[in-house]
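Next come two complexes built around chain A: one with chain B, the other with chain C.
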Partner chain A sequence: MQQLPVLQVVIPLLGALLCALVRRPLAAWLVATVVSWTVPVIAVVLLHEALVDGVVSYHLGGWDPSLGIEYRVDVVNGLILVIVSVIAAVIAPFARQSVAAELAPERVAWFYTMYLLSLAGMLGITITGDAFNAFVFLEISSLSSYALIALGRDRRALVAAYQYLILGTIGATFYVIGVGLLYVMTGTLNLGLMAERVVAVETTRPVIAALAFITVGISLKLALFPLHVWLPNAYAYAPSTATVFLAATSTKVAIYLLTRFLFFVFGARFVFGEMPVTPIFVAFSIAAIFVAATVAVFQSDAKRLLAYSSVAQIGYITLGLALATTTGLTGGFVHIIAHALTKAALFMALGAIMFRAGTVAIDDLGGIGRTMPLTVAALTVAGLSLIGIPGTIGFVSKWYLVVASFEAGWWWLAFLIVASSLITLVYVGRVVEAAWFREPTAVALAAREAPAAMLIPIWLLAGATIYLGLDAGRAAGIAGKVAATLLGGPQ
Partner chain B sequence: MSGLVGDLVAHFNQWITVFLMVSGLFIVIARGNMIKKLVGLSLFQTSVYLLYIAPGKILGGTAPIISPRFSVYSNPLPHVLILTAIVVGVATLALGLALVVRINEAYGTIEEDEIFEQDSGR
Partner chain C sequence: MSPATLLVTALVLPAATALLVPLFARSPNRREAVTLLGAVASFAAVAALVPPVLAGARPAVDLLDVLPGLVITLALEPLGMLFAVVASGLWIVNSLYSIGYMRANDEPRQTTFYVCFAAAIAATLGTAFAGNLFTLFLFYEALTLVTYPLVTHHRDEEARRAGRLYLLMLVGGSTVLLLPAIAWTGIVAGSLGFHAGGILAGKLGTAALALLLALYVFGIAKAAVMPMHFWLPAAMVAPTPVSALLHAVAVVKAGVFFITKVIVYVIGVDTLRADGAGDWLVYVASFTVVVASLVALRQDHLKRRLAYSTISQLSYVVLGAALFNPLALIGAALHIATHAVAKITLFFAAGSLHTAGHVDHVSEMDGVGRRMPWTMASFAIGALSMIGVPPTAGFISKWFILAGAAGAGQWFAVAVIVVSTLLNAGYFLPPVYRAFARAPADGDRGDALAESPWPMVAALVATAIATVALFFFPDVPYRLAGMLISG
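Right, the complex of A and B next:
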């Protein structure tokens, strides 16, 4: 039990190695499934311990945190661990047929290797309490996700992966520059010790530069508008399973890392009180919500449409962070849960359509609701959550964001949040309208309902968006605890 | 004037770091050739190695091997960190070059504008 924090990362890491060794598609999938079903169990236990005890601290190799690496789980990263690992667990059964259909057989095992490496990297970023260790895990997850994207069928996947590599590396390097400056000023890489020592030197130029480098670097990784240019192509051309996984988890993990630095290391008082971070983030978040959503409306490829929608949805989360109030952060973290579930369900539904129809161009999908009613119904339910219809989890997060805007005295912000839902309605409506109400195309008539191994994961997620929407206190309760922890400062 | 020169000399390692950093980033942004972009990216990453290594040196300090004859040691941690960062840099460069090879096979060019032209023409 004491070794659980390190097992959280080591199990997927060894699983990746095993996948590379077995080489056979089915065996590799089995390894990936076993790993994906193990990690959420560990994550839930860790989150439970964090809720009971406050903080779970694990000293790697028995070294004291001031010298060695510490793994540290509190409510904040415990929640993110659960989100990432649960999404991975739900993807596993979906992946087998989708990956087999989209990739050449000799590449399937490599796909699962990269998938598990990426998972290990993301869990590592989340669990670690060491700034440089987080960089190493950031690069593990990034490098493997570049490879995942490059496995896409279209040759444009290669260019998308290359562009992501360039921008992702710049982002990670910015982060490591910032960490270097903080290390020079505080003499430690442990996030907790850094938070204690940075207070004394927070007005110095290197610390302010570090804040800027870290914020911009991680914003590149989380695709905050206008640093999002790598995202739409990467999501659009990656294999379906990779898109589901990356869209649901990778940006959330980056947002977590940013939150950790802004609220925990630098502290909310310094970042939001003395530095002009709030207006900058609010401006970019609003721009993301409106510009990216408007671009999404005009996409002809459903996968690309949802990719732009991701950029817009990230805007809501960063908006919640920027408000830096309990309600705002609660809204932001509920939206992290909401977006992870909703986007995973949407991209999975598109993956199922890709599996049966071989295309996700909106014009080809006309009337596909008649041949794949269950898949399209799940797509519609998740779409409603994306818009934020009452009764879905998307409504809960937006409700908190609107309330937080009023609390801050920014009624115009509340108006903009509500208005932006209308744009979401338009682009979700385009897909849903085509799928249900148009005359069936030849492609749609040739399609059949998705297999059960795909339908069950899709409906699990779509059902979860409804369940957490009706039982609104569940997600909001834990997000509220996260907000309280973040605003309570270190310890 | 002598103050400025003194400043430059005293912090020459920082100036080199910043020069490498900015020129690397400039090459990434300004060049359309995918190999040259990767060269710039490597330069940019390398500058960070210097940023970490330089403050690890303590004036009058010796190699961090405990000995009764010395009392001042250089900080070994930055070297270890940068060893890791170098590995990350190598992996990034290798993956980037591998992607460029595949892009060259798929498009017959590694110039970004020509690739975008081919894609928009379809």
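Right, the complex of A and C next:
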């Protein structure tokens, strides 16, 4: 039990190695599945311990945190660990047929290798309490993500991966510059110690520069508008399974890392009280919500449409962070949960359609609701959650954000938030209307309902958006604890 | 069964019907039998609630704690009781009519139609029973979503365009205006519950209160207060049973019901009257009453004329509520019921004309009264009720609103009602006149015209009778409406 924090990362890392060794598609998938079903168990146990004890601290190799690497789980990253690993577990059964259909057989094992490396990297970023270790994991997850995207069967996937590689590298470099500055000023890479020591030097120019570098660097990774340009192509051309995984988890992990620095290392008082971070983030979040959503409306490819939607949805999360109040942060973190579930369900439904129909162009999907009713029904349910219809988890996060805006006295912000739902309605409506209410195209008529191995994961996620929307106290309760922890400062 | 159990049962029955109908998709007769049984059972459950409510019971059930402060609660009060009786009662008649209409017109996708219809009734009863603003909002949104497939039933470009407008205006209004209004109410009042006298007394200034009321009135686009009315004429592309029950009764009444609930139980009539923050609503409602009638005058397409008439009549209810006067409030509540029976009759007749010979325009109605006496006699009764001529139900509600307006010294409102009555006569009497007094048009269509299938005729005659009966026996609706002001 004591070794659980390190196992959280080591198991997917070893799994990746094993996949590379076995080289056979089915065996590699089995390894990936076993790993994907093991990590959420560990994550849930860790989150439970964090909820009970406050903090789980693990010293790698027995070194004291001032010298060595500390893995440190509190309720904030405990929640993110659970989200990432649960999504991975749900993806596993979906992946087998989808990956087999979209990739050449000799590449399948490499796909799972990269997939597990990426998973290990994300879990590592989340669990580590060390700024430089986080950078290492950031690179592991990023490099493997570039490879995952480049495995897409469309040749444009290569350009998309290259674009992402360049921007991702710039982001990582910025991050490491910021960490370097902090190291110079505080003499430690441990986040907890950094947080204690930075208070004394927080008005110095290197620390302010570090804040700027780290914020911009991570914002590139989390695709905050206007640093999002790599995202739409990457999501659109990656293999379906990779898109589901990256869309649901990678931006969330980056958001977590940013949260860790802003609220925990630098501290909310300094960042939001003395630095102009709130207006900057509110402005970019609102721009993301409106511009990216408007661009989404005009996409002809459903996958690209959802990719732009992701940029817009990230805006709601950063908006919640920028408000830096208990209600706002609760809304932001509920939206992390909401968006992970919702977008995973949506991209998975598109993956199932891709599997059966071979296309996700909206014009080709006309009437596909007749041949794939269960898939399209799940797509519709998740779409409602994306819009934020009451009774879905998407409503819960928007409700918190609206209330937080009113509490801050920013009624105009509340109106912008609800008005943006209307744009979401339009782009979700375009896909749903085409799928249900148009005469079936030849492609749609030739399709069949998705196999159970895909339908079950899709419906698990779509059902979760409804269940957590009605029993919203669950998600909101834990998000509220996260908010309290973040605003409580270092413990 | 205890009233609380009945309340839940009445909500579950139409929802269960929606789930059962697809199981019988292969056998239309059984499928329709399920719908009819569901309708009768739902009405029975609703009707069984009337005596306890009249006796003063106010059954309430907490269904689900969504979040702290956001609870799905059912709580019955007189206005909701009245709305539920109207909606569930007319569902029976409308189902009978649907069977005739959908079969005679060979409509596609009938199973989907009956499923969505039952779901729409469930959502309507949910709004009627809602015990707080959040629950009301939840069912109100659900009602939009489940009626969307009915609006786009024909799946052609016109239907899809109407569907887009429908979703954009209804969901747009409810998320952009109504949701902030509810959130604001919750923050200011610390509660989302309904209480006699309102929950906002003394908590907001005049300007803020006026703004809040405006957010509610225009956010609740189902009430079709101008300029939030465009979706309603567009929604007429749906099959006539949809227009008849949903877009003349359930959906639109959910809108005016919501507004009335807000005025009576959230902001509070006394607060608004004392404060003057809601005085503008009289003018907005009056504008809609008159302008919608003027537009109706110019519509040759019968269903569109009826749609604009509905817009005008809905604002009677808003006007009645906006006078902040007990008599007018009774009138507003009664108008929900009286307009329902009359307007559904008119739509039934329009659908009957369409089925019998594709008579869709007023200009084609010459002499149809001789070929289709039942249909047109019922149409005439419905038309008289719209104008407010005794002995039809429309007279009663109009009388109360008028009396309330006069009693409050609101002479502007009195004038509006008088002018609108003349306008109503102006667009409802010509079709009646054409149908009975003019000679049939030459050509084969006029000769071939005969009454529609019997289920349709039975349904429209039944609602016509109800329109007259409500004039002579207004006791139950009147007592329910009266309880609204006595608390």
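One rule holds for everything that comes next: the second predicted complex is superposed on the first by the 491 of 491 C-alpha atoms of A that agree within 3 Å, B and C clash if a C-alpha of one lies under 4 Å from a C-alpha of the other, contacts with A are read in each partner's own complex, and residues count from 1 in each chain.
Note that a residue touches a chain if its C-beta (ideal position, glycine included) is under 8 Å from a C-beta of that chain, and two chains touch if they have at least 3 such contacts.
Just so we're clear, the structure is a prediction, and the values are computed from it rather than from any experiment.
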Query raised in the report: Does the superposition put A:I166 against chain B (first), chain C (second), both, or neither?
Result: first
Report task. Answer with first, second, both or neither: which of chain B and chain C does A:G180 touch in the superposed model? Result -> first
Report summary line: Partner touching more residues of chain A, chain B vs chain C, is chain C
Requested in this report: Quick one: classify A:L470 as touching chain B (first), chain C (second), both or neither.
Outcome: second
Query raised in the report: Of the two partner chains, chain B (first) and chain C (second), which one does A:G391 touch, if any: first, second, both, or neither?
Result: second
Report task. With the two complexes superposed on chain A, say which partner A:A419 touches: chain B (first), chain C (second), both, or neither. Result -> second
Query raised in the report: In the superposed arrangement, which partner chain does A:W37 touch: chain B (first), chain C (second), both, or neither?
Result: neither
**Report entry** Residues of chain A defined as touching chain B within the complex
**Finding:** 132, 135-136, 139, 143, 146-147, 150, 155-156, 158-159, 161-162, 165-166, 169-170, 173, 176-177, 180-181, 183-184, 189
Query - For the chain B and chain A complex, residues of the former touching the latter - result: 21, 25, 28, 34, 37-38, 41, 44-45, 48, 51-52, 55, 78, 81, 84-85, 88, 91-92, 95-96, 99-100, 102-103, 106-107, 115, 119
Query raised in the report: Across the complex, what residues on chain C touch chain A?
Result: 64-68, 70, 72, 134, 137-138, 141-142, 145, 149, 152, 155, 159-160, 163-164, 167-168, 171-172, 175-176, 179-180, 183-184, 186-187
Requested in this report: Please name which positions on chain A make contact with chain C in the complex.
Outcome: 384, 387-391, 396, 399, 402-403, 406-407, 411, 414-415, 418-419, 421-422, 425-426, 429, 433, 436-439, 469-473, 476
